[in-house]
Each structure stands twice: as C-alpha cells, then as structure tokens.
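There are two complexes below, and they share chain A, which is joined by chain B in the first and by chain C in the second.
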Partner chain A sequence: MQATAKRERRRSVLAPYLFIAPVIILLFIFNVMPLLISFFISLFDADISFHLNKFIGLGNFAEVFSDNRFYNSLGVTLKWTVVEVPCQLILALILAGLLTRNTVINKIFRAIYFMPIVCSATATGIMWKLILHSNVGYITYLLRMMGFGKINFMNTAGLTFYVIVFMSVWKTFGISTTILIGAMQNVPTVLYEAADIDGCSRARQFFAITLPGIRPTLWFLIMTRIIGSFQVFDIVYTTTGGGPSLTTETLVTYIYTRGFEVFRMGYASSLSVVLLGLILIITVIMYAAMLKGEKD
Partner chain B sequence: MKKLLALALAALMLLGIAGICSADSPVTVTFWNGWTGSDGDVLIEMVDEFNKTNPYNIHIEMDINADFQTKIAASFAADEGPTMILGAHSYKDTYPEYLIDMNEVFEKTSLKSEDFVQGYLDLCSKNGVLYVVPFQVTGRYMYWNKDLFEAAGLDPDTPPKSYEEWAEWAEKINNPDMNVYGSGVSYNAIYTNLQLIQRMGGLFITHDDAGKLIPTFADANGVNPGYAKFLNWFKTMTDKEVNPIEADTTSMFQAGQIGIMPDGAWASAGADAAGINYGVSQLPYGDAGAMNPCSVSGFSITKYATDEQKLAAMRFIEWWHNGFEGTETTACLTWSLRCGFPGYYMPAINDARYQASDKLAMMTCTDNEASTTYMAPDDFTLTFQLASEVIEVMVEDVIVGNMDTEAALLKAEQTAEALLK
Partner chain C sequence: MSNKLIRRIRYIPIFLLLLFFALLIILPVLWMALSAFKPAKEIIKYPPTLFPSNFDLGNFARLKTRLRIIDYVRNSLIYALGTTLPSVFLCTLAGYGFARFEFRGRNALFILVLATMMIPFQVTMIPLFLVVKKIGLYDTYPGLILPKLAAAITIFMMRSAFVTLPKELEEAARIDGATEFGTFWRIMLPQVKPSIITMLILGINAAWNDLMWPLLVTGDTKMRTLANGLALFIGSDTTEYGPAFAGAMVSILPMLLLYIFGQRYFVEGTVTSGLKG
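Then we have the complex of A and B:
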C-alpha cells in the first residue's frame, strides 16, 4: 500500500518533467550545446573547417579587447540600440494608441503596418538600397526635383547609419504595434469611463491609465528589442555590408566577417561569447529594473 | 513449414529487387555551388543536358545555394562533403586537405592539360597538385558607354589607354545636368579596385631578400608610389565629382549614367539587357607593367567521393569541355557565349563563334607576358584578409573618410604587417 503511494507520488513529481522534456532536449541540442561548443572553439586558433589548429587559451579574448574594430562595432551597436529601440517603440506606441479600436479602417492600417514584417529582410534591404541609390534611386530623384540637391543616403559616413536605422524601424515597427494594440485592448474600459466622467483629457488618460496598464508588455518589448538590436545583422549586411568606412558595422556583422570572410572561426566564436556576455548583463539589469518597477 | 517457405520466397524476391535496383541505379554525383545569378540558369540547363544525354548512367544532383560558402565550410567541418564543388582557385589554400589532386582528370579522360591556358592552371595549383580545374576566369575589364563618348566628342570605339587618359576623358564626359558621371569606380568593390591598384603599384605582398613575406604599402623610403597614385587618382575624381562616391556603380552604368567603369564580365549581361551601347576591353596597364591578375573558379572533387563517383565527376568535367561525339557547342563554349566570360580552354577560344564575338575577343588576354599573379605570391594564403582588412579599409579611409593618402598607406602597411605576423 505504502509502496504504491510512493510510486504514485514519484509519478506525479516526474510527470511535469516528462512533459517539458522534449522542449528541454531541443533547447539543449540547439541552444546550450552550440553555446558550449562555441566557447570551446573560442579557446582555439580555429579556421573555417574547424580544424582546431592550436590551443591558445584566452588568447582570442585578449585580442578582442585590444581590437579597435571590435570597439568600433560595439560602438555602432550601442548607438543602434540607443537610436533604433526608442524610435521604434515611440512610433509603435503612438500608432497602437491610434489603432486600438477594432474598426474596419484600423484593421486595414494594422495589416498595412504589419506587411514589412512578412517580407524578407534581404528583399527589403535590396529594395531600399535601390530606392535610395544616390543616382538611380526614386526617392533621391524626387528629392532632387524638389530642390534638395544630391543626397547620398547610402554612402555618406554619418548619414548612412541613420538611413539603415530608418529601414530597420520601417521593417519591424509593425510587430511592436500589433503587440501593443493587444495589450491596450486588455486595459479595462471601466477605467477610461471613470476618467471620462472625471473630465480627464485623452493625453492624461494615456499616461495615467494606458501606460501603466501595458507596462509588462512594454517591458517585454523593450527587452526583446534591445536584445534584437544587439543581434542586428541582415539589414546591415544586405544594404551596406558595414560601410562606408565601417560606420554601420555592427557586432554581428563583424562576427560574420571574421567567421565567413576571413575564416577565423576561433576568433569569431570568442566575439560571439563576448556578445552573449553583454546581452546577458543587459538582460539581467533590465529584468531587475522591471521587477523593481513592478514592486513599486 | 509453409511459413518458412513464404519467408524464403520473400527474401528471394527482396534480393532480386535489390539486384535489379543496383544494376540500373545511376551513379549520383552531388554537385554544390553558389551560382545563384542568371548564369546559374545556364548552369542548370547544361547539367540537365548532361543528365539526359550521357551514356554512362551518371546523374548530377546539383545544389545551387546562395549560402554555398557557409554550407561547404559546415559540411567539411562535419567531415562530410559532396562529390564535386565549384569553388575559387583560393580553395587550394582554404581546403587543400578536402580536395583531391585533379591532375587525375588528364589521365582518366580525354582532357589534355596543354589545352588549358597554363597561367590559369598554375593559379589553381600548389606544389604540383591541381586543386581546381578551371571553369570560369574572373578578371576585371574596362566598360565604356559609346553614346556618352560620342556626346563628349570622343571616338566611341577607342577606350582610354592609360589612367591619366581615363581621368581626363571622364571630365569631358561628365555632365551634372544630365546626372552623368565620367567615371564609375566604386569605392567598396574591393576585388575590382585591387585590380587597378595592383596594376599601378604591383603585388601587395612580396618576398624580401631573405625570402620573407613583406607588405608593400610603404617602406623606409616612403609609401608605395603606385598605390598613392591610385588613391590620389580616385580621390581627385571624387572631389571633382567626376566619379560618384557610390558603392553600386554597376546600376548607374546600366542606367546610362557612367562614362567609363571597371567591372567583371557579368556586367555585360546587365548592360545588354538595359540596351546600353557600350564597349569593353582589358584594363590599361599601369606603372607596374604588364599584368592580368584574375581569379579562377573551377571544378574540384572532394575526398568524400568514392572511386565510382570520382570517375563520374571527371566524365562530367570532360563533357563540359569536349562534349560527346557530335556535340555542336560544348558547355564550356556556351558558358562564354551566353554568360560573357572569357575563355581559358584553347579549343573553345579557337572556335569561330568565340572569335566572332568582339566582346569576348576584347576580354581575352592575349599578352602572354602579362603576369596572372593575383595580389601576392603563392605562399601567401591570406588573400581574403588582405583584401577586406587592409585594401578595402585603405580605400574607404581615403575616399569616404577623407584620410590623407600617405597616412592611409602607412596604416595599411601596419595592418598588413600584423596580418603577416
């Protein structure tokens, strides 16, 4: 009797683990293992075919921290985070505020805004590159007709970075908007009705009711967007490849060139490990801030 | 007893089926490459033709992948690989341990090494081992827009013969009102630019008296005058707005907005499609003398091929160059005629149809004295790094970053030295 009860208890304890086992196994194979292998490779002077030529310990990491191009790409990535994430979230917040109600027009606009998300990053990158081409670009041509002179959007150090940021915002603001609309629709309407009765303005309602109501979603978006901005690659690679003069070279673009253009897999792996560390630190800080905000 | 009999009969049937299958099943050659452009369509046609017409029961299973470089690297890393690949001549340095000696193709097929331009075979070989059988020669050429030449009062059939003339004529062609630039050197088309730089200043890496590899951007006597000349030549043209600061000048040439442009053979297909009236020729020689630096792509067989697959792959390479009995146009010749790539195989070059093509004739280097050495001597293996880490950065520093020419060359020398260490 006692043995059966024990077995039952063991079963009920093990059951949840069995249910999550497939996901854990997949995570282990496709996330944890590559991570560990990447760290292992970073300790070697390894080439493209992963011939572990020579064990160099932390030699690659020492090189990372004395590599000017690493600092340049880190600077570009941080700048990207500081500029792209707020731009995208503010735009998404404004649009979500305007499109919360489920009217037909709003639904059409939501679909339009979502369209760039489903397009391939490579295709949109090439499209923008042609539209903004200094000489044969349609927008450049229109601006020239309007008297703005020749604007070299894609080849001017200093300007091109912001052009790529714009492309990225254009490509991804739809998803942030959609998520925020969902969150805003979950804010209880009674709160707005009460605010209306109290004579509260729309702007005040937005800051006093909507924003606190969607805070968890907003935190989620901020965190995922920041992590995403540290991993930005496709839009940069297909439009500028990091140029001109490395002014748009992000960390992941740099890692890619180390791995697949100059074939230094060991060094590329060490850069990836450093990037992982950075993302981890930022995530922990953000998470702590979020928890503190929730407590307050 | 009945059960045993049924089992025995079933086993016999299975064995029979297996026997029939093995007798008729073709030899499959997996063939990976990265030819995803319009020339890839021609390649697909050619492979299909071989699959349909070859009498050896060979089936080429081609995988054209935009991510070929990553795929092949990952595959070799996993100690696996396709039978055959189309790779660059530099694979002799990147993957020598994964590729077999292709000299075997001259023993096992009717192909003769003397039919290939020796310089290209040399480029694909190391220490007597041929890693790549040429398939395509990728050089850079000078394109000029004949209509723009005519509008500027220049002879549309005579391209500039020197870089001084290039700059001078570009100024004549330049027409800001019509959005036309005289010259179209792209600042980040590094594999094009290094052809110009090498013609003006020689190899980027050489041997010193002791046989040690050294960079040539600057030395105790000062900076390389040829490289400085290129940077100043390019910078002057961009400062005068005779040459745009633009990465993609090919689209501009196709839009009729560029007078003279350096580019690869592939640019001709786009210019043809756009209806541009253009001429093409060899790039002028610079101060470094007669030079025809180029890269060669070609067929390599991996060590993962079985003997049967090796022979099948070699038969495909043989067919590519010689066809079968009665073949009117070999695949090799078709490739040149349809895709515009200059030849490397004498029977194709000597064909009347090849000779009748003005463009191919102009792109084919007939100067046997011209050196085909690409960037650095054979024992220097870091050509990718040299191009992207040193030369590209140097050009962009000057053209986009407005760095002083001398400072950029000194910086390039330091970076190249670090690379060599």
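Then we have the complex of A and C:
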C-alpha cells in the first residue's frame, strides 16, 4: 500500500514534464519566439539580409498608417469579411438544415460537399481560372452562347473580387456545413417532437429550436471564419496575385509582396504586427458579443 | 399514402437545390480531369469541347520536362509525411501529459498552448523565415518541417481524447509494474486510435496542400512541393494549360483517394474540432 503511494508520488514529479517538453520547446522556438522577433524586426528598416542596423523606432508604423496601399488592402480584406463570411454561413446553414437526418442520400450529398477539402488552393485556383478563362474557359463560352458577351472574369476590376470570393466559398462551404450538421444533430429531438405536436412549421422550428440550439457552434464558426478572412492569401496568390489594379489584394497578400517580392522585411513585419492587432481586437469584440448574447 | 406522396413532391425542390450544389462541386473537377487528357490544340480550340476527342497522355509526359513533377511529388510526400508523423507523435505525448497528470504549471502551460493557436502564421512567417535562413536551413527538408511540428490544435484534440479514458486502465497497468511510457504506449495509446488516425489524415492533407511555408522557404526548383511548384508555374502567366490541368490532377488524386477511404476521419475531425471550440 505504502509502496504504491510512494510510486504514485514519484510518478507525478518528472514524468509529465517529459511528455510535454518536446512540443513546449518547439512551440517556444517556432511560435512564441518568432512573435517576439516580429515586434523587434518591425522597428528596423531591414531588407532580405536582415542586417538590423537601421533602427527607426516606430517609423515603419508611421509609414503603414499613411500608406494608401495598406488602406486599400485593409478595405479589400474587410470587404471579404462582409461578403464571404455571410454568404458562406447562410449557405451552410440552409444546407445543414436540409441534410441533418442521416439518410443515405443525405450522406452522399454531405460527402460531395466536403470533397473540396482535398483540393489545394493551387488546384482550385488553376481549375476555376481556366474554366472562367476568357478564351479557353467553358463557362465563358456558355455565357457567350447565351448572349452575355465575352466576360473577363479573372481581370475585371469590381468583378474579379467576387469571382475569388466564390472560389473560396466553393472550397470551404462543405466544411462549415459539416460542422453545423454535427451541431444540429446534437439538438435534443424531443424539442422538435413537441413543436410538431404544437403544429409549428418547419421554418419556425428552425428559428425557434435549431438556431438557439446550435448557438455556441455558430459563434465558433463565425469567429473562425472572420479571423480566417483576415488571413486570406492562398486563393488570391494562385489566381490573381492581387490584381486587377489591386482590387483583390488582401492584407496578407500585401504583406507577402512587401516581404518577399520587394524584400522590405522590416516594413512587412510591421504590417503583420498591425494584422495581429486587428485580429486580437476582433476576437475581443466577438467574444464580448458572444458573452453578452449568452446573458440575454 | 397521400401524405407520403405530398412529402415526396415537397422534397423535389429541395433535392434539386442539393443536386445543384453537388454538381457545382463535381462538374468543374470532372471538366479539369477530362481536359488533362486533351492535346494542347484541343484545349485552345473554339468552341471548347467537353470530352477529349482521344485520350492523350502528352500533358502528363510534359509535366516531367516542363515542371520537374517527380521532384515536386517527392518533396510533397516528404513534407506531408515528414511533418505529420512526428508532429502527431509529439503532440499525442503532450496531449497525454496534459490529460493524465497533475503537475505544477499544467494550467499555465496549457493556456500557453491554446494561446499559440491564436497567433496567425502570417504574423510569425517573416521571423521564421529569418531564423530558418540564419541557421542555414533554407531550401532544406528540416527547414520545411521543423517549424511545423508543434501543432496546438493536435495537442488540444489529443488531450480531449485522453481525458475521457477511465482511470482504472492506467492504474491496472501501473500495478503490473509498467513504466510511465509503457503505460502510455501499450495501454492508453491503443484506446485513442481513431483520434490518432484522424489527426494523421487531417495533418497529411493540410501539409500536402500547404502553400505559404514551402513558398517562402524554398527557392531551388528541386525543392518545391506540388502546391507551390504548380502555383509558380500557373502564376507565370503560362499558356500551357494542359500541363497545368495534369499537374493539378496529380496534386488532387492522392488526397482524393485518402478522402474516399478515410472520409469518416475527415468528417469526425472537422466536427469535433468545430464543436469543441
């Protein structure tokens, strides 16, 4: 008895640290430290060689806030948040509502909707870019046959942005749908049975039972999608690279061009610090709104 | 009977809506798969065709001469497996540590892990690039892999998997004189096998499709992965659409197979990470 107790005590001293040490060290080196370094670099006028000898204090930040191209990319990003997130979530809500029950046919639809998760942004970009290509694209051809004229989807300021938003929704709505289905299946069925007895319509049930029932998941999705919209890069990089005339240049795309195309590492770092600040502010606001919503 | 009929009729518009979105997913992929077999002349032909007039493998052959496709596939494999296998192992160890032990600093360290989930990769990518370059790992596999090993979400998911296991399991093992690692490896690990498979599959898929990090940390065309190699190929405003289609198919197919055989894991992983948030 005493031997086990002793062993129990010895057990809890070193062993857990050995289990967690490798990842804690890795997280420190490759996540925490780089975060601190990025604050540091943002104070320098550093190029690709990272010679940190030109300390300019908050000079980079002063430049950021008077940089029209920064405001443009911020505008594009906010537009993405306002357009992509609602489109994606409303579509996912509708489809999840229609696919909640575990019938064979519903499972097939779910499997198809979820499939683009295996398509890289590169493959998705190549595919849509060429389907919508002004010369070889099949959809362009069909629209031309229907009398819409020759539409240049990938290179028309004002339109191309929405084309890329569409690609993004195409690639990810199945994920949102799947998460929402999971949440909807956890809503107690007795609630629906009671509503059926009261003669409640399906639409009314959706708003009165389903939506409140999936609220935590919905909040989580809204939050992750909004934060995700501030990190859009892949699909832009593989399709337009930010064009035409910067109408699809998101914040991260702009950071990438500053850092890895014109090699202004210090400036790019200060942009990324601003990005982090924006994401933190949004997270805090969303979290406060969520807590307030739970209280009401 | 008539009730059933009414329900069937009501289902028709719903079915058509669902079908519309299903076709929106399938048809473009199918079009690209078919186009990969069209010779160059047929791809730029007007009006465009749906089906290739004869199945031509020229585009796939040209992948080797125009794109170093063999290198890309090898690098993608090394990056996907080389990152995911050790990452899932280390994160499982940590998840077990957080789930099954009481120790000083546990909560603080776990909050630190969760907090790193909040740091977007786009904020740390420039310093990471700097570090990798300074220690001479630019254009190397360790440079690609090392920064991606610690994944907070995997630690979080594995901790959740271990937390629910009954205490009797490990107690029995300990009475039998098993070491801590032995208990973990032989008794506890087999209990969370589905979670491990889920994390492996999601990790492999994410790394295979990852664009940003390989783009930053490889310069030599020999070191490119499929995702960034193809992106640079198509980004150079190429008119070689055939190889682009074929290359995209090569990048999609392995993960599509993984999806067909492991769909359950894809879905479970996505749903649980969504519901636990």
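Everything below uses one rule, namely that the second predicted complex is superposed on the first by the 268 of 296 C-alpha atoms of A that agree within 3 Å, B and C clash if a C-alpha of one lies under 4 Å from a C-alpha of the other, contacts with A are read in each partner's own complex, and residues count from 1 in each chain.
Simple rule for what comes next: contacts are C-beta pairs under 8 Å (C-beta built on N, C-alpha and C of every residue); 3 or more make two chains touch, one makes a residue touch a chain.
Treat the numbers as computed from the prediction; the structure is a model and nothing was measured.
> Report clash or fit for the pair chain B and chain C bound to chain A in the combined superposed model.
Overlaying the two structures gives a clash between chain B and chain C.
> Name the contact category of A:Gly243: first (chain B only), second (chain C only), both, or neither.
After superposing on A, A:Gly243 lies in contact with chain B but is clear of chain C.
> Just chain B (first), just chain C (second), both, or neither: which does A:Met154 touch?
first
> If you stack the two complexes on chain A, which partner ends up touching A:Ser120: first (chain B), second (chain C), both, or neither?
Second partner only, chain C.
> In the superposed arrangement, does A:Phe30 touch chain B (first), chain C (second), both or neither?
second
> Does chain C touch more residues of chain A than chain B does, or is it the other way round?
The partner making contact with more of chain A's residues is C.
> Considering only touches as defined above, state whether A:Lys79 meets chain B (first), chain C (second), both or neither.
After superposition on chain A, A:Lys79 lies in contact with neither partner.
> Considering only touches as defined above, state whether A:Asn135 meets chain B (first), chain C (second), both or neither.
A:Asn135 sits against chain B and chain C alike.
> In the superposed arrangement, does A:Ser269 touch chain B (first), chain C (second), both or neither?
The second partner, chain C, only.
> Contact-wise, after the overlay, does A:Arg215 reach chain B, chain C, both or neither (first, second, both, neither)?
After superposition on chain A, A:Arg215 lies in contact with neither partner.
> Of the listed segments of chain B (4-12, 22-30, 76-84 or 310-318), which one clashes with chain C in the superposed model?
For chain B, the clashing option is 76-84.
> Which residues would you name on chain A as touching chain B in one complex and chain C in the other?
Comparing the two interfaces on chain A, one with chain B and one with chain C, the shared residues are 50, 129-130, 133, 135-136, 241, 260.
> For the complex, which residues does chain A have touching chain C?
Residues 4, 7, 11-13, 15-20, 22-24, 26-27, 30-35, 37-38, 41, 50, 95, 98-99, 105, 109-123, 125-131, 133, 135-138, 141, 145, 170, 174-175, 178-179, 181-183, 186, 217, 220-221, 223-224, 227, 230-231, 233-234, 237-238, 241, 252, 255, 259-260, 265, 268-269, 272-273, 275-276, 279-280, 283 of chain A touch chain C in their complex.
> Would you tell me which residues of chain C are touching chain A in their complex?
For chain C paired with chain A, touching residues are 14-15, 17-18, 21-22, 24-26, 28-29, 31-32, 35, 43-44, 46-48, 50, 90-91, 93-94, 96-98, 101-103, 106, 109, 112-113, 116, 118-131, 133-134, 146-150, 152, 155, 174-175, 180, 184, 205, 208-209, 211-212, 215-216, 226-228, 230-231, 234-235, 241, 244-245, 247-248, 251-252, 255-256, 258-259, 263, 266-267, 270-272, 274-275, 277.
> Chain A touches which residues of chain B in the complex?
69-70, 73, 76-77, 94-95, 97-98, 179, 181, 187-188, 244-248, 251-252, 255, 257, 382, 384-385, 388-389, 393, 396-397, 400-401
> Considering the complex alone, what residue numbers of chain A touch chain B?
Within the complex, chain A contacts chain B at residues 48-50, 129-130, 133-136, 152, 154-157, 240-241, 243-246, 257, 260-263.
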